[in-house]
Amino acid sequence: MTTATFQWPVRVYYEDTDSGGVVYHSIYLNYMERARTEWLRSLGFDQSRLARERGLVFAVSQLEVKYLAPAHMDDQLMITLTLAKRGGASLHLRQEIHRVPDDTVLIRATVRVAMLDGHFKPTRLPSDILPWG
Amino acid sequence: MTTATFQWPVRVYYEDTDSGGVVYHSIYLNYMERARTEWLRSLGFDQSRLARERGLVFAVSQLEVKYLAPAHMDDQLMITLTLAKRGGASLHLRQEIHRVPDDTVLIRATVRVAMLDGHFKPTRLPSDILPWG
Amino acid sequence: MTTATFQWPVRVYYEDTDSGGVVYHSIYLNYMERARTEWLRSLGFDQSRLARERGLVFAVSQLEVKYLAPAHMDDQLMITLTLAKRGGASLHLRQEIHRVPDDTVLIRATVRVAMLDGHFKPTRLPSDILPWG
Amino acid sequence: MTTATFQWPVRVYYEDTDSGGVVYHSIYLNYMERARTEWLRSLGFDQSRLARERGLVFAVSQLEVKYLAPAHMDDQLMITLTLAKRGGASLHLRQEIHRVPDDTVLIRATVRVAMLDGHFKPTRLPSDILPWG
């Protein structure tokens, strides 16, 4: 199993905030998916090509999120991702969102993404996707 | 040509606002599309069925928007829509967003939506879609 | 403790979907917050007034979400909410998203919302907010 | 008047697309605002600091957008911005969205942003903001 942590920077824009003055709570999920997309890309997997050529899509099947502190407009954030387990038909990930530069942890999450076929049915992870996970 | 005005109510939620304390400027476009979707539905056209059964999608091709006053969290809004012209391959609409109950006009817009085929190429409006427009 | 279930209808629009053909996973959180907002409103609490007059805001502090089946463009959904527990400074809610009319459960979630003061610090729930919870 | 063009790269993620398979039409406005935010930052103006320290916010007051071709999941885009005119209380900008690497123009827009005070009333641009514009 890989224990390496992937990191992806994200900047907060107005579109991400709400009138409470902080980032809207569902937007952190978008940030975490950007990091998953870039992590897969860094491993050679374009999700749009996976869908087009092999009829495979990843979909979030389970989430646990702890909101520890809020992010604000203009904040520079770092999204982290660690593969906790490669199941037969899903990946279990740990993700965090940190504020740069003081490295405060804002979000701690576990995310399970399922491998789905073209009919949105769970299917086995192909052997070339994270075979060592 | 029909000169009737279609109306659709929308409530403002936190997700729609930004840290400036008002509705984020691109969200008004979403509100206006909800009204277009409901207007088409009221005329018997489900966009998901149009896409699935006839390979036809509407897509915005041109927009002009004037932002006159902002909407806030919890505001009750009314979105209006008038068909200005039915072109051969597009619809020209006038839309407004009003705040209820004082009826302040917040947004004035003209929106052109093009009829596209399954390859995102402009195509003629079928004769059963707004033949009188 | 109240065991009544509050319900709020939501329609799926294009803005909510992604190129996988289904509702984007973070949007369900927005739907669930709309139901919380309307539930509070039904009990006499406008969140914008709570913030303005008493400096109090609710913020999600913890989430667990199970994605059981996807929603699609044009789907009519029903969002449900049950108060599981009224803590000293937070509310624990159970929420579900059902597809109408076949009543398929799409989402099961537990959501904890914390009461925060004007500095985003946890504070006690005022005695007039759900005193019987 | 400056005729320099500012550029800002944006990657398309699932959150940005809709079930038509392309980027949702209002999301391009978010992309264009990210470029405006980064352009102001490159000139030394943090919008969150402008708001906090001087009670000044920029708000879109007028938009014209032509949608020429769609962007897709995983596309790498370049957002451009040229200052067309510095009015007394607003900036007039020309913005485009290009697809990298073939440089197809997807969007052409003109955007007017007004300088507003803490009460959302138009106010004069301070003399240190783009004095040469």
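When the chains are written out, they are named A, B, C and D in that same order, and each has its own residue count from 1.
What we mean here is this: contacts are C-beta pairs under 8 Å (C-beta built on N, C-alpha and C of every residue); 3 or more make two chains touch, one makes a residue touch a chain.
If you're wondering where the values come from, they're calculated on a predicted model, not measured in any experiment.
Weigh A-D against C-D on C-beta contact pairs and write down the one with more.
Most contacts of the two pairs: A-D.
Quick check for the class: compute each chain's Cα centroid; which one is farthest from the centroid of subunit C?
Between subunit C and every other chain, the largest centroid distance is to D.
So how far apart, in whole Å, are subunit C and subunit D when each is placed at the average of its C-alpha atoms?
Roughly 33 Å separates the two chain centres.
Suppose each chain is reduced to the average of its Cα coordinates; what separation in Å results between subunit A and subunit C?
Centre separation, subunit A to subunit C: 23 Å.
From the mean C-alpha coordinate of subunit A to that of subunit D, what's the distance rounded to whole Å?
27
Subunit B: which residues touch two or more other chains?
14-15, 19-20, 22, 26, 30, 33, 48, 72-73
So in the complex, which bits of subunit A are touching subunit C?
My answer: residues 19-20, 22, 25-27, 29-30, 33, 48, 51, 57, 59-67, 70, 120.
What residues on subunit C touch subunit B, complex-wise?
Where subunit C meets subunit B, its residues are 11, 13-15, 30, 33-34, 37, 41, 46-49, 72-74.
Which of the residues in subunit C come into contact with subunit D in the complex?
Counting only subunit C, the residues touching subunit D are 14-15, 17-22, 24, 26, 72-73.
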